Each structure stands twice: as C-alpha cells, then as structure tokens.
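Chain IDs A, B, C, D, E and F follow the sequence of writing; residue 1 opens each chain.
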C-alpha cells in the first residue's frame, strides 16, 4: 500500500482568499527616515551629489516600486493603484531625511504594503546615491502612519 | 536662429561608468530589525501565524529581491550574484527580529545594495504577514555591517 | 505606385478582446507531479535537503509565479488574483510529489493559466532544489482539474 | 532649533490621483514606422531573416510590452488590458514597415501609453532582428491616431 | 536577560555560494510534451488557431522565460545566456507536440533550469492558445536530456 | 506508423549563439526626438508641468529600461551594463527635445539595443507627462549614432 502524506496542514503559506470581500476606496500613508552625515544632507539638498538629483530619483524609485509590491512581497495581492505620492522633509541639524508615501486604491484589500514599499525603496535609493560619501547611513523607523477604508475602518498612529 | 539649451549639466542622474574598473571578489553584509509585539513574535517563532511560515517566506522574499536590486534602485548596476543568504535572530523579550543578509559577487562594483535590499524586503514581508495582528510594527535600523573587495578594501561597522 | 501589403490576415497573434464580457467570480484548480528517487523524497519530507525547505520554497515560487502569469504567457490577460494556494501530497513508495494549485479571480476571463503556471513553477523549483541529488527527475502530468465561473460554466476532469 | 525644509513644492513627480474618476470603456490606437533598406524589407516579408520571423516576433514583443507599460513609464497607472493587437503594413518601394497597435481597457484612465509602448517595442524588435544587415535603420513618426472613452471623449488625428 | 534564538540551523534556504567555482562553458538540453486532440494538433500545424501562430508564440515565450529563470526559481543564480533555442516536433497520430530547448552559458553554475523553464513556459503557451478548443490538454514528461560543462562533466539521459 | 514533422526549419526564431565570441569593451550611442508644441516645451524646460520634472523622470525611465532590454526584446542577450547615460537638448523654436543615450558593456555581443531602448522609453515618458496638454506629440527619428567594439569595429552615422 502506498504511504500518502498530506502536507497542507497549518504553517503553509497562501495568498489569502479575498474574493468574498467588497471593494472599497482605500488609502495608506507610511513614513520612514534616512539618517546620514549633515554635510552630505546639505549636498543632497543643494543638488550636488555626483550621481545626480537624489530626492527626485528616490521619489520615482519609490513610486515605481509601489506598483510592483505584489511581485516583491510573496503573499501580497495585486492592486490597481489610483495614486502614489512620495515626499521628503529634511532636518539639516540631525542629517535626517523623512520620507512619507501615500498610496490609494479601490480594492478588496488594503494598500499598506504599497506605501511601506515606496518608503523602503526610496530610502534604499537615497542610500545608494549617498553611500560613496558616507558608509554609516542608517534607514530607520519605517512604519504605517494612517490608513482608511476596508472593514476595519480608519486608523492612524497615536 | 534656434535657441538650443543643453541640460546635461550637474544634477543629472546617470549610471556611473565602471567599465575601467577591474573585477574583484566582493561581499557585503547588512542588518536590520523588525520590532513587533512580543506575543506576535512568539506566534511567529511557533509557526502559528495564519498566513504561513513567516521567516521562511521572508528569507525567500529577501533572496529573490536581492537578485532584482538593479531593477528597483534606478542607478544600480546589474551584478551576477554568486551567493545570497538571509538569516534571523529573535529576541523574545523585546519583540525584535534581527535580519542579517550577505551577498557576494565577482564584479567591478560593490554588492552593498543587494544585501540592504534583501534585508528591506525580508522586513516588509514579515510586516505583511504580521500586520493583521499588530498595526504598530516598526522596521528599524537597516545598515551596512561589513564589506570586502574593491579598491576601497575591507570595511566593517565599528 | 507603392506596393503595399497588409499582413494582418489569419495567423497573426493577438490578445483577444474580452471588453464586452461581464465580470464573474472564477476559480481554477490544476495538478501536476514531480517524480524522483524515493530516498530523495524522504529527504525532502524530512527537511534535510542542503538547499533548504523544498516544499515551502516551491509553494511560494508557485504563488509568486501565478501573479506573473500574464508576463510569461504572451497572450494571457492580466487578472487581479483574489486567492492562490499551492499544496502537496507525497507518495513515498513511488517517489511522487503531487502539486495542486487553485487560483481565484473576479474578471472577464478565466484563471486556468494562473493555476497551471503555479503548478509548473512549483515543479521547476522542486527540480532545482533536488537536481544535485538526482539527475533523472521528471515533471509529469500537468493538467486542469476543475474550473468554475464564466459563460462556459463549471467543469471538472472526469 | 531644527531647520526643516519641505521639498514637496512644484516640480515633484507623482502618480496623479484618479480615484474619483469613473471607470469607462477606453480604446487607443497608435502608429509608427520602421524604415530600412528595401532589399532587407523583402527578406523580412519573405521570412528569410537569419534571426527568425521578424513580424511575428515584433507583434508578440509589442503585445507583451503593452502589458508592462506601467513598469516602464514611471507615472503610468496599471491597467487591466482587455485587448491588444499589433499589425503591420509594408511598403516595399520605400522600405517602410508601418506598425499599428490598438489597446483597450475599462478603467479610470486612458490607454494611450499602452498602444504607444506596443508600437515602440515592436519597432525596437524589428530593429534588433534586422540590424546585422542594415546599420541605418530609423524608427520614425510614432504618434497617437485615435482614442475613445473617458471625460475628454473621442479623438482622432486629423 | 534576553532570550535570543538563532534560526539559521538546517532547513533554511539560501542561494548557494558559487564564488569559488571557475567559469566554464555549459550547455543543457531539456524536453517535454504537450498532448492534445489530434484534430487540434492538425489546426496548430496548419496555422489555423484563432489566437494566432501557436508554435512561434510558444517558441518566443520559452526563450523569453529562459532569460528570466532566476526571477522565477527562488534559489537559481542569474546567468548570462549565450544561446537559447526552442524547437518542436509533431506526432499527428497521437496528438503530441514534443518541445526541446537548449540553453548555453559560460558561468560558474549549470544551465539546466533555464532549459527546463523554456520547455515549461513553451508548453504553457501552447496550452493557453489551444485551451478554448480542448480542456483535456496534458503537459507531460518534462526532463533533462543532456548537459555538458562544469565539474561533474558531460551527462546525457539513457 | 506515426507521422512526425520537424518544424525547426528556417523561419524559426532563436537567441543566436554567441558562446564562441570573445568579450570586448563595447559602447553604443543612439538618438531620437520628441516634437511637441513649443509652449509645452517651454513649460517642460521651466519645470512647470503638473506631473513633475519631465526630463529627470524621462532620464531615469530610460536608464532603467536599458537595464531591462533583454526582457523587452525577445531575442536580445542579457548584458552587464557598465554605464548608461541619457541626455537632452531642447530646441525651443521647433518644440523639439533631442534625446541621446549611451550604453557601455564588456560582453560578447553589442549594446545598440540598450541605447535605443533607453531613447525610446525616455521618449515615451516625455509623451506620457505632456500628453494632457498636447495630443499631437510625435516621437521621431530614433536611430543609432555610433558604436564601438566587437568584430565589426567602430562605426558612426555619416
């Protein structure tokens, strides 16, 4: 007789079934930081980095990555994004670039991962363009700030 | 007469020319953290998260993302990766997962971004699989730990 | 006079027009097999393969590939997948891993290719992780098992 | 006190917010030309190019590229394409291949870029397959021919 | 005191380190079958399928997929392919299309997965283009036929 | 007896075998034009387009597309690009943006398609960002300007 073992017990990954959920308008905003030497931040703000305009490049990289979130995060659903924006604020004293990304969709599942992915890839792009000048760059404090839509309703970080 | 303006002044981005650099064996190690509620970390360690095995999924997502670094980071060169590994250590008291990724290549340019991308996407994957249980997850402290190879030689964080 | 030849006769490929079809909930299940040496199958089941956890890796590879079906199969429409699952059953006597994948969507066109792609890439991943131990692995018998939704209604293999 | 500068002034790129727009059926047709030596065009028409069937390859490349438009054009929204077709007409006297592509969707934003991308990548593919025989190939006159759907209504080139 | 558990024990997946291996010229050939109704095979051979030229489309899909093998198979290394070819032979009596793919590279690791991926995606493409006419299509018997290069030397299936 | 027909006659596409060719340093430069209303060109030059900085976005899109050329053009070999640059010159009288892209590699095959793809996708990106203001934009005159390296040696357009 054949020994047959089924492995579909708990512990197996799947892309969870959202087919019974209704579509709603959804939005999510995430934030993160890149901390580098203040003089490097000055060069970035002045557009004087040898690899080019750091913040514009990071913004576009974040937007493009948001559109590919479901191909990066294994169990994420693909979503038709209706809006993505990535913005920066600079604190010259501490050498901190704060990145904020917002993503929107009308879908059966939330858009948090798209906003977080935009922040992460924008941060990595800043790192890439500044790393020749500063090996000690740190990407810090990436988190969800607010979300709206879906069954669980609106939420924002305290 | 035609007014003709050339825009190729400073500030323009380009993928820098590495064609005159020699190939050397290179390695880079990066590290980062995901901080979540300690009870959620317990469920992750016990393999009891509803979306599946979190750390194995995150490891594979990180490895696969490392191979696509040059398509995420606009000015990164494509590299033939000879090795990628992603590992985790868990601190149950503080609810902290430390992610460490190492990438290797033999190429004319360094492999830091690949290691940092692996850490970032592994962190995002953990976030995705745990977010239904904890909206306050934070991805923290992503940085380069060590690199070897290339003209600038070996380096490790203090 | 100019000789002008139009080539848009029969024989030309196109992505067929589904714009007049209504969206319905759709599901498809596909199945396939990987046949390898029974002792290798034992090592896989015991989690003792040197490249890592074979079935978890194959499951994730299958899920991720399902999401990219339209970029692999030239004339496939892109679909918003609402669910993908990949499971395995092992027959230790014959050295056979049976892979079963289910995909769901709400769309104007069917989701068979997504289920079949998930099975195929899961099978290739098993092959990749076991090939150092067994050059004679065979991927066999990939077929559609059942589908539901759409104008042609429900169908299942005899 | 910390100097804090916000960079989100004009000049920043974003994927514009279309979440308040209604979905409508949309169509766009684009056209472009590849001009090469007439004898090479004869070989293409006769299926005698060493790299294979040029027009079939170009057609498929154009269709596949249309499906990836949003990953190529940074601020393009992802769209579920319901139809893509690419066709060719040949003028043997002038060595001109005219490429025409039509894309359709039901979405909140237009499908012009998908049609233009299909034409562009089909043209590049013809170039690639013929370049060993003719270094002077020119891709010319890529433009929108007609569009329908959306708030701005139907439009066609004069 | 902090409880700290390291998870990098056996069972973890990694992209194995090939940095110490020398580059050699490598080749691999794989084969597989698609079995469908003989009358459908007749229509395919005659170029009379409504979706277009099935075998040309399948050949190109297989070639393009081979180039993306490392993004589909999680632990596969990226390889610079120097050659990919996909060919077909038809057995009209049994309704069988035999697909054979060959891939070549000069690299530190083998090219079997690229050849197997080309066969698999070519088979899925045939399935896609014929499935409206025949729901009972089977993809069968995908296996490695021969490989050369590398430390283990030449090998061919008995 | 089984009727067996081989289809691998001429007319079949393949990625040509370059495994016997030696690696050499190669470079290619391509050029193309986007022609739009002069007042729109003025707005682009002044950074006053509502979708953001057009030329910086187009430059990055071109660079990123160059890195993906082998996934867009079916029979193109993958190449490790050592340099990509995209630049613009503006003729305000005629409303013409001239795009020039240079790509470099050390490889067994040429890098023309990468330079041409960079120009084409940069042009499409300009089109996308300006199309709301001008439906009559034309992408024109994309061609190779110069190449160096390889068996055929240096070449430049007359």
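Please note the rule applied: a residue touches a chain if its C-beta (ideal position, glycine included) is under 8 Å from a C-beta of that chain, and two chains touch if they have at least 3 such contacts.
Note that the structure is predicted; figures quoted are calculated from it, not measured.
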{"item": "Chain E and chain A - chains in contact with each", "value": "B, C, D, F"}
{"item": "Contact-graph separation of chain B and chain D, given in steps at minimum", "value": "2"}
{"item": "Which of E-F and A-B has more C-beta contact pairs", "value": "A-B"}
{"item": "Candidate from B-F, A-B or A-C with the same interface as D-F, over half of contact pairs in common", "value": "A-B"}
{"item": "Homomeric contact chain A-chain C: same or different residue positions, threshold half", "value": "different"}
{"item": "For chain C paired with chain D, centre-to-centre distance based on mean C-alpha positions, whole Å", "value": "29"}
{"item": "Chain C-chain F separation of Cα centroids, rounded to whole Å", "value": "34"}
{"item": "Chain A, residues touching no fewer than two other chains", "value": "12-14, 16, 53, 56-57, 60-61, 64, 68, 74-75, 80"}
{"item": "Interchain contacts, given as pairs of chains that touch", "value": "A-B, A-C, A-D, A-F, B-C, B-E, B-F, C-D, C-E, D-E, D-F, E-F"}
{"item": "Complex interface listing, chain C residues touching chain E", "value": "10-14, 16, 32, 47-48, 50-53, 56-57, 60-61, 64-65, 68, 72-76, 112-113, 116-117, 120-121, 123-125, 127-129, 131, 135-144, 155, 157"}
{"item": "Residue ranges of chain F touching chain A (in the complex, touch as defined)", "value": "53, 56-57, 60-61, 64"}
{"item": "Chain E residues touching chain F - in the complex, by the definition given at the top", "value": "25, 45, 55-56, 59-60, 63-64, 67-68, 80-94, 104-106"}
{"item": "Touching residues (chain side chain A, partner chain C) in the complex", "value": "2-8, 12-19, 70-71, 74-75, 77-80, 107-108"}
